[in-house]
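Chain naming follows the written order as A, B, C and D, and within any one chain the residues start at number 1.
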Amino acid sequence: MSDYSMKDIEWAKINRDVLASLESPRKEFWIVLSVCIFLVLCGAAAEVYQYNEGLGTALMNKPHFWQLYISNFVFWIGMSHSGTLLSAILLLTHADWRKPIYRFAEAMTLFSILTAAIFPVIHLGRVWDMYWVLPYPNERGIWPNFRSPLLWDAAAITTYATSSILFLYVGMIPDLAICRDNAKGWRKKLYTALSIGWMGRASEWMAFRKTYVLLACFLVPLAVSVHSIVASDFAMSIMPDWHITSFPPYFVAGALYSGCAAIITLFVLLRYVFKFEDYMTTEIMDKTAKLTFAIAMVWNYLNLSEYASIWYSNDMFEKEVLLEKFFGPYHWVVWGMLLCALVAPFAMAFEKVRHNMWAMFWLSLVLQLGMWLERFQIVSPPLASNHEPWTWAVVWPGLIQLTITVASFGWFTMLFLIFCKVFPSVSMYEVKEMVFHRRKASSRTDMEDLDKVKDDMIKAEEGLS
Amino acid sequence: MKQDKVDDKLASDCTRRTFLKAMGLGSAGSALVLSGCGDTDIVNEVDIEVRKELVLPNVDPQDFVRPGVEMYYASTCRQCPAGCGVHTRIREGRALKLEGNPVSSVNKGSLCMMGQAGLQGHYNPDRLTKPMVRKGGKLVEVSWDEAEDTLIKVMGRKNSKLAWLNGATSGHHAALIGAYLDAVGSKNHFVFDTLPPAVGHAANEKMFSNAVPKLALDKAKLIVSFGADFLGTWMSPVQFAKQYADFRNAPRGTLVQIEPKMTLTGANADRWLPIRPGTEGHLALALASLLAQDAKYAGRVSSDVLASLKDVDIEAVAKATDISAERIHKLHHLLTSHAPSLVLSGSSAEGFEHGSQAANAILLLNVMLDNVGKTILPREEVDFPDLHPQLGGWAQLKSFVDGLNHGDFDTAVVFGTNPIYQAPDFMGADKAFAKAKTKVSFSMFPDETTMASDVVIPIHSPLEEWNTSMPAYAVEDGQLNLQQPVMNPVFGDDSTRAFGDVLLTLLQNIDAQFKRWDSYQTYVTDALLTMRPVLVNPPRATVPGQTPEEGFKQGILSTGFVQLKSKKSKPIVAKLEPVDLPTATGDDAKFPFHLVPSPRAGLWDGRHANLPWLQELPDQLTEVVWDSWVEMHPKTAESMGLITGDVVNVKSSSGSLTAKVVVFPGIHKNTIAIPLGQGHTEYGRYAKGIGVNPYKILNAKFDKQTGELATHATQVAITKVENRGDLVTFAHGDLVLESNTSTQAGREIVKTVTAEQFNREEKEV
Amino acid sequence: MALKRMLENWSDLRKRDYYEDEPYMWGMSIDLNKCTGCGSCVTACYAENNLPVVGKERCGSGHAMHWMRIERYWEEPEGETDIDIEQSDYPERGAHYTPMMCQQCNHAPCEPVCPVAATYHTPDGLNAQVYNRCVGSRYCGNNCPYKVRYFNFFDFSKDIPAPLEMQLNPDLSVRSKGVMEKCTFCVQRIRSAKDKAEDAGHRDYIEDGAVKTACQQTCPTEAIVFGNLKDDDSKVKTLWAEHEVELNRHEQEKVEDARGYRVLEELNVEPSVMYLDRVRDTEA
Amino acid sequence: MWQKSKMPWISKFGQVLLIALASLILPTGAWADDVSDAEQPFEFPHVRHASKFKINCMYCHTFARRSKVAGIPPVAKCIGCHDHLPSVRDTPRIKKLFSYWEQKKPIPWRKVHDMPDFVHFTHKRHIQRFIFKDGRPTQQVCGMCHGDVKTFTVGRKVRALTMGFCLSCHKQFQGDSDVGKPMPAERWMIPTAATDRPVMEVEHPQPAVLDPEHPKTMKVAEVSKLSERLPKSVRDHLVHAPHDCWQCHK
């Protein structure tokens, strides 16, 4: 397979293909969407019941004050990191293979945050007083507690959500303009409003580029800090096996890991559903898989080093939890996680697997399952064998929690499906850029003459759109 | 809102949330004192809620009524016969909390969990609030007028065939009941209370000429207790706990507890010895024979007793009791090295056909060790025998039931006890009770006996009525405890009535003499006023303008009790008889397990099963709540393939019941224990339908000397019914680990030092 | 402004002995030599503090609300015991009982993690829980090493049938669904004693014994002693001094036989409850 | 470019957002509860009692100085005077009063100042401090929270009685002993109580009867200097308003 397989695509075909994905959906779309909506409604019903009756219906108790809601929160926040990684980091590192896939990755980021943000809310005992967490001036003269990681969480997530929306939106403006030019009816109005008068002038491109890169620069450290803060929800406590210094990097690695896995899943799906084979090529999958593999190895290392450090610290409480994790009542969760997230990624070491779309699809699901289990085993087993042996108790999440968990997947998918039908899920202008670059590059025998390529690019860009 | 609506609402509000408070002292009941304003909110929600609620002023309050300010009234706890003094915290006419009365010699300011929960009996949602009469086979609520008419018809005439059964009682209730029975010409007075150790009392009476000699636990250096759970359910737990606290001070006394099932006292023992049930007397005898080898001890007993100690084979006893010979010798050494000591005999030693003899053997040790006069002290003599506590026992219940069966009684009156719930199935108490033509029950709650009665009289709670009582086991002889209404009746004046008032009205119908008193209150206060000359330091008027009577009444009510003068009695001279114990028999192959029906500090004999605080208070040993269970040793459970939570069938030759297993290390391997207190078929929402009552399957065995029920003599067989039921224990680890081995997992949560270290450290301090 | 002030005072706020000048510092001592594990204190706590009865099912699902609980262990902690463990099928040394309630830590792990500062430290050394500020994030419950925080997983107060609600103590709030609660050292009693002291004209001095917690008041063996640790003559302070226990455990110089210890002291949370070792006679 | 595209909905969205934000910031007490229109069984003329006859508030609200609650006067108290006032005996209100008395029924007044149940306010401490120790006029002290009652007929709620309202005073009355010392509650949170100025300017409660000529009326500025005039032992005990959440919420 050639590295330059995309060079022959007509630009008009790009527009046509991508815009086709926005057209009236097929029957299957509606089926999937209604299943998602049904799940969301189930979740909403569960939440209403829980809200009325009390959180006890979710079977959380003492000592299991936290359970699936928090694991899910960490899971979804983790998943949101992929978009940032692909867009921002790869943008800044000029990895051009990101171009056909970053748009949906960013959308995924956004929707993961929106999903994650639900969990702290339904987790609260008194949801109606949630705004007290925000530091707003009030007549009572009370501030929230700035030392609480939960407060940092609230701040970090709102910041991250806002920035992600902005990043997604800014990156979409030129495409929205294309849509505007091809749309009728309500879509026309929508795209007109959203594309804020984009004409594709050089000055606009200049401003656009600058904004986009700046946002990317802002987002990379933000993303790292967000998950470090989520990690500090655990690391700042004194619970054995939560109070671990390496949690922030471990969480960031885990987040990128599960995010990449999710990208692979959606990559394969979109490729087949919208017939994007021309853009989402095997080559790109290969690169994504390699990246995922690398991150998996970092995560593996951090995970194992955590076990090792607990072991040689010989701390009674920590060791107790570690042993309970492996041999206690939650052992199958831990072993399941190790199998799915620690062993399974080694499959990606083989090119055959990397180049087989459906193999990658199933593998990515396994990885995500592993990472979901990982979040569960971070939250529950340490609570089950805490400092105070009298309170040791094993609690499995109840029906309400499981329903809401499943509903969160429905919610995410629902948002994503709607997004795919309203907004172009592949970046048209960036793909054009990519095709252009490759076409240029392949037509040249002398690859070193980069200056000329650059000049050509600038010229070409001026005349784009 | 329209005015009339407000008034309507007020009427309902008045009954529910504003209360009359009749403190008495001169003008009780006459002044209408409504609760004040301000903190009248009863259920305080945390959330802000805009309400326009009523705030009701007092109409004509007494000077001391201050809304928002708490007051304490002295009274007496009636949750068990021990008779602890209490202070009731009152605000806005509501009793909020019971606390020990620091000047009462019984409890010296402390209270047990049952005392604390007295409030829940008082405010119990299942209290009877209307008199009921059986019409057409069903109990229907009737007006008080009708109920009184019926009562006078049934009880207000001479009737030698009237049988009266009441629970442990004392003071003026006892006196009034006596007067009533004299007036109707009935000699059929029975007293039945489940837990007072009647066999032990009889043995004491025989040996020390006093059923309840004073015990000085605090003076003993060593306590060897054969199943006397003095910290939990034995006679007067709070008082003994106080003494126990002194006993544990440096130099620290040593406690050895010998019993088949670990009680709360056993859990606090320095050495807990599991003994095969029914062999306690044999062990005591073996110890006595070892002591008798020393002339110092042998000299204290007569020769015929000594002769009976001659041929005791320690090895054989060791085999029979499952306590090694080495351990018996160690016990002997302990007894000889600590003086004074105290040897106690409790229900698990006495609940057999040879129970009296076992108690005899155990008490004999006290004589040999010369504890009499040191830790076992004589009672002083107090006049007014009518006021003395009547504790009764199973033998009297048996006579009551037999009498009913023979048709000796046409009217049965039950007050303060619940025989239909308590009596074992073999007695057929329910069928016998049904034979009486008319059954009358005075009760606060819809218990089993009450619901089987024809006339049900709802009575005041102890916090609503005037009364006096004497502690079942007093530390100061002659203490007469007082009760006063600490608040107006919870359900209003037309709902419940004081037992004393109802009985007094009946008496007035038969005996005009009693018309002198218009209420039980005047009866009691008059009696107290006349008792003034025989009281120790009767209070006098303190405030200028007070009459001496007012001063006296105020004084005694603020103290909560009066002290009767007593005469010093002669030292105890022990009367000994040779002990005659049957040889220990082997296990019954068909019914291999001994059944221990174990009382719980909390639910007591089942009378507190309707108090949710006590249902939710975990059992001290197994940590189980809201349930009945079968305690079983881990080894036994393992051999039978049972784990905690499994449902088993427990079968004796008289019946069977089903309960869940709790694997519990503190029990003899051949023994199972089922706690008392549950298995109510009536008794309100908190008690009904929970668990089982082990008394129901007891065999018809009685102590040969006293005729008391041999509560521990039943043997049972066990079969598994199904896996894991919904057993709830706070020892979560027990369920996780599937055995009862709660571990500290290396944490130093409870650390232990030796008594030697303790004494050394306390000395340094 | 507040931010500026906060930055200026940040190090001040983190100082030890911040409340050095306060006249009160409430502490407790529990003598396990005397505690019999009977549970009277538990019921007294229910009566005093409006604790809800949750019923069997909810006890089973871990929602019981006993602020004070009695823990019962069968085994000695390994290695650290002074008693030689004998091999026996029976627990011949009895049970290990300990009352466990909020230890009112002075370095309370629950306090910094509350996002809305519903739990904080009062000047008199109590670990306060302000119910009406609580939003129910339950982080404090997780971070409590003693697991003595109890969350209102249901609206328990709804289930109190009339007239049982007449027993509720008006001096403290009945907690609603979704808030955390825990032992308060009977703060309502402390406040009312302070109020009385102020009436008598000595705001800074409450007589020893004038405040009794409900559990202490009822304890049949008087195993629980409560009082002001800043009052050198108070019984609890004397006990702490006698048994060589200091709030800051690094200042402790324990002599060999001293019986005083605090549970999970090694976590440096500086609990205000001292326990005295359980004692068993090895001669018996 | 920009001016071309019309975005009316964005600005609408912005409006909604702004309103939502503003609603968070506004004093929540502003609409907390207003029961000034509570319908009472009959109209009690405070104006006559307090203004015309100058009866001290504490004559009727007798528990205020010794209890948490001020106390609605018992019916007997009303009758105690009105029995001797035949001149008004036949007015409808007094007739109604006597009808309650004759039936021995309490008058079902409606609560006007109803605090949330988690607020444990005590009248006693405030009355003891301001009336008995500072020697301020009773009506002025009571009026701080209850308004100028002597102009009312039935009691009305004239102050929001929100937490901010309480704090506005509790901030002022930091005495000598507190100066320079960060307030305790500041340890874990940063309430404005300890800051130089309140974050939101909440209207200070003006004493209801502020007669500037009255010798016992103190200016707000004087209040903070009050402590300087007192001996230190008294000062430490007097001028110290609690800043601990658990004083009022427990």
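The rule we apply is simple: a residue touches a chain if its C-beta (ideal position, glycine included) is under 8 Å from a C-beta of that chain, and two chains touch if they have at least 3 such contacts.
This structure is a prediction, so every number in the text was calculated from the model and none was measured.
Central chain (C-alpha centroid nearest the global protein C-alpha centroid): C. With respect to chain A, maximal separation of chain centres occurs for B (centres as means of Cα atoms).
Distance between chain A and chain C, defined via averaged C-alpha coordinates, is recorded as 44 Å. One simple way to say how far apart two chains are is to compare their mean CA positions; for chain A and chain D this gives 53 Å. For the pair chain C and chain D, the distance between mean C-alpha positions equals 35 Å.
Separating the CA-averaged centres of chain B and chain C is a span of 31 Å. In chain D, the residues that reach two or more other chains under the touch definition are 116-118, 188-190, 192, 199.
Looking at chain B, one finds that residues 39, 41, 44-47, 730-732, 742-744, 746-747, 749 touch two or more other chains.
The set of chain C residues touching two or more other chains comprises 2, 6, 62, 69, 71, 73, 100, 112, 117, 131-133, 173-174, 179, 264.
Contacts from chain A toward chain C in the complex involve residues 53-57, 59-66, 120, 123-127, 129-130, 132-133, 142-151, 154, 233, 236-239, 383, 386-391, 393, 395.
Listing the residues of chain B that touch chain D in their complex gives 1, 3, 6-7, 9-10, 18, 32, 34, 36-39, 41, 44-61, 66-69.
Of all residues in chain C, only 1-2, 5-6, 9, 12-13, 18-19, 21-22, 111-112, 117, 120-123, 126, 128, 130-133, 171-174, 184, 187-188, 191, 195, 198-199, 201, 203-204 touch chain D in the complex they form.
By the touch rule above, chain D contacts chain A in their complex via residues 1-2, 4-7, 9-10, 24-25, 27-29, 162-164, 167, 171, 188-193, 198-200, 202. Only residues 32-33, 35, 38-39, 41, 63, 66-76, 100-101, 104-111, 114, 116-118 of chain D touch chain B when the two sit together in their complex.
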